[in-house]
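In what follows, subunit A forms one complex with subunit B and a second complex with subunit C.
And now, the complex of A and B:
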């Protein structure tokens, strides 16, 4: 009985963790490449969730089919905000850049929820396609169609991102910029354009995570900061700069949270923060990061 | 080929260069020498588009460089191999070289250029799959130069290629630089090691406190009493 419960919770943890991984990879990418901490990252997730909600309720588009549309919308959205608010700030030196972009992102994380309240009210919104309640049993554990789809989507997106970063010229230019932006400029990489695309890509990844969230849980205007913090915990857990690492760390956090919830109930959130602090104290480069 | 006319350059509010003018001719080897902090690096970084001059002009083969971003400067055929090499440590040797051929024109002929770079530095071919961060200092310098060549430059600027390397390796690297020059690439070399710099170059400029204080044929400078006193330590 107990084993069945733990096994079931373990599976649930993996599917939740896949969303953590997806949101964290976007944050890790923008932080690693541009040295910008986008605290409005969770807001992009929220907006992605609402766009999927609109596509479903207004145009009858299945959220899984709507994924590319949401990704494109958030990519453009991220590009516009980057161009207007951040592009002027990244030219500054490290410390000034960090402080100013942090302030701008905090501002956005206050404005976006308010706009969302006007557009969608403060009520919880979720999507329940016809297959949403369905599940199938494997070895005594029930697997829901929606969480499974979410996991598959997350894995496919992460793999695609990994291939993009390691196999294409654009991906290599992103990694080069992340390692040494001055040297990247000297080999002829347009660093400003790399920044723009990277930031937009991060927003698109958050938007994709938002679609998974609106299918499995619900979206509310104020949810962004909680997801930013989740992403931050995962990024710290994984270490900066590793796409695969951030994804695995996300799954790890999801599983730890779910399984510990059996024993600790509502204190699991504190557990996440506890892990955050322990990692910062004893392994600041993260589990998969290099010292 | 490259003409720098009366540029003033600032780092923030601090002026780093005053009224600097210099010239590199087609196929020429020119050196910038001077003490640490004199402004040599600032000059090549300004030419490569990392810094923008506050006044003055820079012209390369008839094209104004002073307002161009670095990626345009590379495309026009001016490449800087930076101080401390600027290797992408986490990437393989081959990936580093491939990134050298980033702009479209050089990307098209990437494979041929790669072969000629391997011809100059056979060691890089053996190490092509290795992560660049695990190379020795000399190998990293070879990689940095090789990566610079991948962009098919007409003018190659090298900032302190001898830094931190054993004399025998420095000798090898300077042999290769001469070979590169013989294939038709102009060289602008920044060096603290005045003896090897003047050994390689045909002409040289001496920088002090952000100003060019002297220039002339390398041979003349080598026998100049003042230069001997100040830089060659034979006084």
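And now, the complex of A and C:
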């Protein structure tokens, strides 16, 4: 009985944590490579969720099949916003660049919820495909189809991203740019294009995460900031800019949350934020990073 | 001559604002003015830390909220006189700032920005949980509710905050703060005790935010404690300061007037909240192209017209 509870709590933590990891990976990528902390990341996630909702209710497209469409839409969306708003700022000195891009993203995070409320009203929207209530038992632990699907999607997407970054020419140029912007430019890497694609990729990842959120929870116009903060917590846990670590830090946060939900109830979310502040103040290189 | 002119204009506006409740008893006019004054106080208090010192504090709501909550408790639940309560609100929020100041300023640049944001969110979640009930004014007070004393309190606090910012902008402290904003390392190297100056600015800013919370504690008929810590209190102040003119005295004032006007006009034709979207767009434009805000735009325009006269 006791074992069952513990195992169930861990499984729940892992499935929700994989989603956290996916949410954080995009943020970590743009920050690690471009030093742009996109605080509108949660807004991109929200828009991804609404697009999946639209696809499902209007065209009857299953959210899991709609994933590539959402990713493409958010990729283009991110590219447009990068071109218009951020591309002019990347040439500045690092400190000014970081601050101003954050402020621009902050401005976006004020605009998007209002526009979303206007387009989709303030109602909570969720997607419930036919398999959404179902689950199957393993060793006395129940695993829901939707959380399992979310876990698989998160793992596949993050693995694909990992392969993209380590095995392809594009990945090489991304890593070179993030290591040394000027040197990358000198050896002939098209830094501007790398930036554009990286930012758009971050938005696409947020959109994919949004589909998982709309399936497992719900979307509302105001939720962007809460998800941005969740992603920030994970990014800081992993060590800022570490893409691979973000996935495991996401699972860690998911497990911490689901365990502490038993003892701390409503304070669970505040606990994650408290950990975030403490790490930022006393161990800014992250839990696993080297000083 | 120019100083004297400026002084008499400001004095004239102040006298006019004092006389408004005697001239008109229209509640809509009083409410607009009240709101504008609250926004002036809130944004001006943020301007000290965010504008003059360059530390973008996205957790200002925490200090507004602590001030409002403390003032409400001192005034309604402990039954002490209102001036004491408002002062107590300011002090409570400054004491909190003192307690966490050193820790918060371990964070620099963008980490300060997100750290303060998360700090206020933690308080918001905690207060929604420990004080879930709405705090409602007793019937006796509601029966005798009048907007006029609320209006005067907001006027008083707004004048105090503007006066403090005016004093800072002309003082040695202000110079030190601006040097931190422009280049913290260079300021440190040329002998500015940056940590002490930042803490000082933080404490003054949060004290004034706490006083502003006191106005709300006196004004609001009912609120939920967590609602006082909603990020919108911070965000409104930040966009008002940036759009008006960051690090200036007149900027937040013009920004507040514009913000409230726009809110009223837009709410006639469009669903609520869109004025925030409009200010969000203006905010981005200011960050990208017009770092001086509306003030800069006005001085440019004035220069151009006066050049045309010659």
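Everything that follows uses one rule, which is that the second predicted complex is superposed on the first by the 284 of 291 C-alpha atoms of A that agree within 3 Å, B and C clash if a C-alpha of one lies under 4 Å from a C-alpha of the other, contacts with A are read in each partner's own complex, and residues count from 1 in each chain.
Everything below uses one rule, namely that contacts are C-beta pairs under 8 Å (C-beta built on N, C-alpha and C of every residue); 3 or more make two chains touch, one makes a residue touch a chain.
Nothing here was measured: the structure is a model prediction, and the numbers come from that model.
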Contacts of A:188 with subunit B and subunit C, given as first, second, both or neither: first
Which of subunit B and subunit C A:130 touches, first, second, both or neither: neither
First, second, both or neither for A:180, with subunit B first and subunit C second: first
First (subunit B), second (subunit C), both or neither touched by A:59: neither
Per-residue touch tally on subunit A - higher for subunit B or for subunit C: C
Contacts of A:277 with subunit B and subunit C, given as first, second, both or neither: second
Which of subunit B and subunit C A:88 touches, first, second, both or neither: second
Which of subunit B and subunit C A:99 touches, first, second, both or neither: second
Touching partner for A:169 - first (subunit B), second (subunit C), both, neither: first
Residues of subunit B that touch subunit A when the two form their complex: 48-50, 69-71, 74-75, 79-80, 82, 86-91, 95, 98-100, 102-103, 107, 147, 151
Footprint of subunit A on subunit C - complex, ascending: 56, 58, 103, 106-107, 109-111, 113-115, 117-119, 121-122, 125-126, 129, 231, 235, 238-239, 242, 271, 273-274, 276-277, 279-281, 283-284, 287-288
Of subunit A, residues touching subunit C in the complex: 37, 39, 85, 88-89, 95, 98-100, 102-104, 106-108, 110-111, 113-115, 117-118, 225, 229, 232, 266-267, 269-270, 273-274, 276-277, 280-282, 284
Complex interface listing, subunit A residues touching subunit B: 169, 172-173, 175-176, 179-180, 182-190, 192, 241
